[in-house]
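Chain nomenclature is as follows: A, B, C, D and E, assigned in order of appearance, with residue numbering initiated at 1 for each chain independently.
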Amino acid sequence: ACTNTTTSENANSSNSKEGGQLIIGMESEADVLDPHRAGGWVTMRITNQMFEPLIGEDLSKSSDEESVPKLIPVLADSWEVSEDGKTYTFHLREGVKFHDGTEFNAEAVDFNIKRLTDKDFDYYDNTGAGRTFRTWKFFESSEIVDEYTMNIKLSQPFSEFPRMLAQINSLQIVSPTAIIENGNDSMGENPVGTGPFKFSERNRGQNITLVRNEEYWGEKAILDTVIFRPLSDPAARVLAIQNDEVDIIAVPPPDAIDNLKDQGYEVISGTPPHVWYLTFNFDNEYMKDQKVRQAINYAINREGIANELLNGTVNPAYTMVSPGSVIHDADNKWYEYDPEKAKGLLKEAGLENGFETTLQSSVDGSGQLLPVDIAEWIQRDLKEIGIDLELDTQEWITYYSGYSDGMDSNVGMNQMSSGRTTPYFLSMVAHSDFVAPGGFNSGKYVNKDVDTLLDKASTSLDENESNNLWKEAEAIIMEDAAFAPIVNDSAPYVVHSRVKGFVVPSEEWYTLAPVWIEN
Amino acid sequence: MASKWKQSCKAFLNDKMATIGAVIILFSLILAVIAPWVSPYDPNVVAEGSARLMPPGSEGHLFGTDHQGRDILSRIIFGTQTSLISAVVPVIIAAIISICLGVIAGYYQGIVGNVIMRIMDIFFAFPAVLLAIAIAAILGPGLLNVIIAMIIVRIPYMTRVVYTDTLQESQKEYVEAAKAFGLGKVEIMFKQILPNVLPSLIAYSTTLAGVTIVTVAGLSFIGLGVQPPTADWGRMASDGSEVLMQGHAYVTFIPGIAILILSFAFSMIGDGLRNALDPYEHSKLKENKKMSTKAIRNIA
Amino acid sequence: MNVQSALHTKSLLKVENLSTRIKTTEGSLTVLEDVSLTIEKGEIGAIVGESGSGKSMTINSILQLLPKNLLENYSGNIEVDGENLLTIGEKKMQEIRGGKISLVAQNAMTSLDPSYRVGKQIVEIMLDKTNSTKTQAKEKALDLLEHMGIDEPERIFQSFPHQLSGGLRQRVVIAMSLACEPDLIIADEPTSALDPTVQLQVLDLFQKINRKFGTAILIITHDFGVVARIAEKVAVMYAGQIVEKGTTEEVIFNPKHPYTQSLLKCIPNLDWIFDESVGKKPLFQIKGEPLNLMHLSEGCRFVNRCHVANDMCHKTKPLLKKVKPTGLNHSVRCVLNEGGK
Amino acid sequence: MKNNTLVEVKGLQKFYDGKKSLFLPSKKITAVKDVSFSILKGETFGLIGESGSGKTTVGRMILRLIEPTNGSIVYNGESLRDLSKKDMAALRKDIQIVFQDSGSAFNPRKTIGEQIAHGLQKFGGNKDAQYIHKEVLKMLEVVGLRSDYFHRYPHELSGGQRQRAGIARALILKPKFLVLDEPVSALDVSVKAQIINLLINLQKEFDLTYLFIAHNLDLVAYFCDRVAVLSKGEVIETASTKDLFRNPKHEMTNKLLSSILTLEGDLGQVYKKRTVI
Amino acid sequence: MFRYILSRILSTIPVLFGVTIVVFLLIRLIPGDPAKSILGGDATSEAVDVLRIEMGLNEPVYVQYGTWISQLLKGDLGFSYTLHTPIIQELSPRFFNSMILTIASLLICVTLGVILGLISALKKGSVFDKVSMGVALIGASMPVFWIALMLMWLFAIKTQIFPVSGMYNMRNPGGFMDLLHHLILPAFATATVSLAVIARLTRSTVIDILRKDYVNYFHSFGLSRSKINLVHVMRNSLPPIINISGLQVGYIIGGALFSEVVFNWPGIGQALYVAVTSNDYPTIQAGILLIAITFVVVNLVVDLLNVYLSPKLQDSIKAE
């Protein structure tokens, strides 16, 4: 799918830049630093500095420069796919060393693959396997060809496999030696990878400190140290940057942004693959009706939510395809705000007198923005067209684990925040294979045509063809109004002006290798 | 009978602070009932034409609007409902359960009493707030679950008060006198001893109601309390922290003051009752300090 | 002691027309009215009276121990060695307390600090009031304990109050009161909380102290048996007033006030035990209950309980006057008995 | 002689468990070691001894307010300890008690009248409220209390008045046997005399038998017909009052007697004087 | 004496046993499937089944309890659902940080509370007394998180005297002084309520003792009031004050949860907060257990201290 180009062109002037210390205020405490097990983006942003995949995404370009991060070779020099699309051959980079000094080679890759796929393997990791099962859905076997060559065999063609591998927790390579010596659980406490930064120390609740990997195989990082500091209270993050205790903060409270800009801080955002959307419950008597779903879609004032409630930190979303995805087309807007049309549709559905239903929402959670506030906004918008929405709110984890169980028939819709750079995301939310309970298709939306299109798209070996197929599928899904996309997060970071080279790519994470501090 | 109540009432009304407390509670009780009629706006919805974060004193919004643009005064008014319910209901239910447990444990000092009190001891090993948090976390958020958690948390404290008082009372000779008349155990426990234990429990419960408001606010802060968008002071105070830093301190400040006033009022009444309900207080010169010391000690 | 000597020498303690008013929630209350008494050096005196008659109040007034928020005012005179205690000021007063006059507390059970060894408490007072060193004080304390008839003074010295029996504790308190060699010990019901057998021992101890150190003793009691046993002179109190005083013999065997007479008659007569010919006589009975100071009438305070009272008693306020023919010191507050019958 | 006995106590024992902690060995506290005596109908039987000698414990064991560890109590030919709960309850109106501390002997939250009425409500044949009210007023009069004390609370009475009320409460069921546990120890001399006189009068009027517990001996000497001396949980001497006071056999008794202070000196001396005369 | 201490220590065993049962049952009562919670919503049901067996969730409850206890005794507090780490790793450094905060708060509330209560008692009825007791009552009526927010607003935002969050300045950690600087606001926020309680109790205790016969008796010997207050009143107020202070440790640990969250103090309370908001039951369980054990130990120490301070208690123990 991709050819081998060299990485980081803007790092060539690194010798002229001083290192220094960068402190990042993150929105919550990170969980385990084992890249296979890590559960949230917050953690992945840290592990991504220490671990590398075979194929990666080019994170050095901002969303503006490159709306979809390019796939680039990282620990694999290059790779090719067999004719039938089932066998991938990776030519591994030579001379790469793990932070613990051990050699990176095909065996190490094999070890990592087994850790995620082979139940009989001594170092099989259940959590990791559970987290990455979508990537390995069609995995059949792996094979060491020679010290620096690997084959991975799939049971069927899977056009998005390389992109899936590049998604950061799919196959970040960890040091087998470290695991064999210290056990499967040790990677979380003492991460050993190959990346531009290595782990230095962690004080829970206080800091996770990384230092530059002087032995790095590629362009070395400029910063001496990076400190990730958990500051879960949004206000505390703002204060911390104002008091110069940190250099960058994530997820600033929308209300603080204007103020911070005035004070000279940069607010950098991108278009990560993120959609905050409603899923309609096809078991619900009202939601079964396409007209009702469409009416709701028309009734929601997305601009209002984005600009008034969230103060421009998000963009209105008019499709289920995530921005940052190849097939995303910002000009293609479904269901722009039109309450009159919505009322009309309801009338057509015979519900001009309105009805009552329930919206389930979490109260917080990773990437969830201000879920309750948004839900309350929607509640008000729907009231306009006569729909009485009752809010049923739950804590994130409870909500998240119940999400894939689907909704009871009396619940009209629920809310989720997700997205991928790969269009395969459409399959994850709309394919009948992933219907709840068990899958991410929480509304139990089933459309055979969509299924066929999605299957074709994911197995097609031709990129253009598959992209067209994805788009066809998108059109049907949106026409069906199986979902109501609401907003796309723009992942704003507030950055002190002395921090240079910090870029928000079209991803939920970033790389710190090219960043430096200007004195 | 009447004279005793009159005396207690008089003593209570003579206590300025207690009277103020009673007036406050009465006022908030009325407010809670008539909230739908006196509240200027719907507490959960942004009023037509009002903006977010309007400062106190803005036109039409005495206390301003919150970060969602809802009228804070209306939310405060409606919040009295949940605050009063979450203060009073758990305490009353816990008191009833504690009376049974405490009187029985105090009167039957043998195995029954021992078992009850040892179980209570186990609960004393948990700091109350944390136990409440743990229980509420497991039951899940919501007013009902908070109430259940608070009941469980309060029982050991109240039981201990009832128990020690019962223990003391049951050693008094009037209990022997009742036995000498062949009164049954149940009669002695609930007709003879209970009336003597009740006043201090009532006083203590009132104080506890004040403490409970504060604890429930804490649960709301953690997200375990009343669920949004229902107006709840604790939730309002903790939600306001998001805009505290942007100079909108009043969003947090005002509900906090409301909590403070209501809780304070309950403590004042508790103190007042403690003095007023003591029959010795009127006749004897000595001040009875025993109660208040014990009450303070037990709040923790 | 010697009745005449009182006329010539300066009295050790002389209380004249002392009235004490205190503040209560229901207004001010005169708890002592016109109390006069004297104690000479080396003398043992007693005040008897029923509960609430003002015995403790008298002592607290003498030593000015009433808390500020309770006391309204004193009037009258309290002289010790000629110095008026009501005017000498707090600092001098502190020297008198414990130095010249010391107290044996009413309740030895609660008058010792439970947290310190009793020896340390005696020593503490000595160190505060005299210039002695710690070792001197300890030696003296041990000496005192031994004088109290304690066999193992060292052990008692090292004990905590709760480790001692009531009798022992009372002895410790007495030792404490002797710590600075006072001229006068005032003992407020020193024995009423004790077992009868122990009471006797303590009384004997007081007598011994009196003889040995020449310390004057003013003992407060409600028991005429105690008075008879130990005191040379006695004052009978009722409702904040002294109603009769005189030598013990005068008052006990020739009581002039109806109240004194009644009180004495209340003591059970045990003749029937020793004398086969007499049966049990019913006990004499004073009608009514002790007076509440809150409700005073203008006449005699005892009038409602008195068995001989007449109209005059209701109207005239009796004064304490000498009983004419008998004794020089025997006085009585009764209109009917002025000048004796 | 035998059928003249109202109460007979034999080999009475009471041990308390001094156990405080699960992990410490328990130690037995002996409150009453060995007490036997019998009380004749119509007499006043005194029980004296130092404090802590077990007097109260014995008194309450007779009423079965405290369950004895060992021994027998026979009342009017019936062994109390063998009685069923029900029979014992029925017997309670025959045996009553007056407590020492009148302050705590009354429930502070019930009126005096209510508390005196209690026995009638429980045992009286006639449960009519008006009848009971009348009976209580009658009883109040008997003990010399005005009728308006009916509605008073205990703390509104003086110690002497409360003690009278206590006697009224005990007498309301017309019992035959009264245990008097130091009923006057806390009272002033003048009030003490009133109460003792009252007790003596009542005894005549209602044909009562008393067990009088005291540690102040002057009253015992005056009031009781026969006396048992208790020391450390054991009866060391039982005799008629005259015999005991004239001729104490036990050293302990002697000591107790000498401690009675009369106007003419302690009783030991007085007696010596008298016998010399 | 030694035997008493031993027996007192042993007597905590049943309590601790009960505590473990309560804590264990807490997690048993949660609706839903722990295995599923661990793996997250999009895990396969196979993976969930594997984990269920791994975690022993198919065993009978008492077997699970036994396993849990034996793991506890080995120092294994379990595995966090959301953090995917052994809980001991997460909690042990945090426990230490919490202790710093707790001890600082305790010092503040005990010293200030006792001083305030003492002066109020000695000047009973004065303006100082009325004002400080009024303030104490108010102090006890405020939610800790609110106090923390207000303190933060006043001293960290408006005036910027103190830092807003954390234990150290990450940019240039300044050792002990830096710690102290960061400690003051959270410690005060945590201490306020207990300070009020201790002040009130100290006041009533001292007033009680001032009324005791022995205090007046020493006064009757002409000892000065100040000396009596110092020697006798203080000494005898000590046991109740220590008692209440010990009990306040529980309140402080509870309150610390809130100030840790507000001030981002990396303590056990903050971890609990995160655990609660993410329904990480094993961490809640372990955190509560740890705190309960600490509290039991504190109470034990307080008890023994009181015995040490009370000659009477000591004797009744010796007599056993």
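By our rule, a residue touches a chain if its C-beta (ideal position, glycine included) is under 8 Å from a C-beta of that chain, and two chains touch if they have at least 3 such contacts.
All values reported here derive from a predicted model rather than from experimental measurement.
*Asks:* Go through the assembly and pull out the chains touching subunit A as well as subunit B.
*Replies:* E
*Asks:* Does C-D or B-E have more contacting C-beta pairs?
*Replies:* B-E
*Asks:* From the C-alpha centres, identify the chain that is farthest from subunit D.
*Replies:* For subunit D, the chain whose C-alpha mean is farthest off is A.
*Asks:* Take the average of all CA coordinates in subunit A, do the same for subunit E, and state the distance between these two points in whole angstrom.
*Replies:* That pair's centroid distance is 40 Å.
*Asks:* Approximately how many whole Å separate the CA-defined centres of subunit A and subunit D?
*Replies:* 88
*Asks:* What is the distance in Å between the mean C-alpha positions of subunit C and subunit E?
*Replies:* It comes to 54 Å between the two C-alpha centres.
*Asks:* Which residues belonging to subunit A are in contact with no fewer than two other chains?
*Replies:* Residues 233, 236, 239, 364, 395, 398 of subunit A each touch two or more of the other chains.
*Asks:* Among the residues of subunit C, which are close enough to touch at least two other chains?
*Replies:* Residues of subunit C touching two or more partner chains: there are none.
*Asks:* What residues in subunit E touch two or more of the other chains?
*Replies:* 14, 157, 261-262, 277, 279
*Asks:* Spell out the part of subunit B that touches subunit D in their complex, as residue ranges.
*Replies:* Subunit B reaches subunit D through residues 1, 3-4, 172-174, 176-183, 192, 195-196, 279-280, 282-284.
*Asks:* Any idea which subunit E residues touch subunit B in the complex?
*Replies:* Touch list, subunit E to subunit B: 14-16, 18-19, 21-22, 26-27, 29-31, 137-138, 140-146, 149-150, 152-153, 157, 194, 197, 200-201, 204-205, 207-208, 240, 243-244, 247-248, 250-251, 253-255, 257-258, 261-262, 272-273, 276-277, 279, 281, 284, 288, 291-293, 295-296, 299.
*Asks:* Given the complex with subunit D, which residues does subunit C contribute to the contact?
*Replies:* For this pair, the touching residues of subunit C are 50-51, 195-197, 199-200, 222-226, 228-229, 252-253, 262-264, 266-270, 272-274, 280, 282-286, 289-290.
*Asks:* With touch defined as at the start, can you tell me which subunit D residues reach subunit C in the complex?
*Replies:* 50-51, 158, 160-161, 188-194, 196-197, 200, 215-219, 221-223, 241-242, 245-246, 255-256, 258-267, 270-271, 274-275
*Asks:* Using the touch rule from the top, collect the residues of subunit A that touch subunit B in their complex.
*Replies:* So the residues of subunit A in touch with subunit B come to 233-236, 238-239, 253, 255-256, 259, 308-309, 363-364, 372-373, 376, 380, 391, 393-395, 398.
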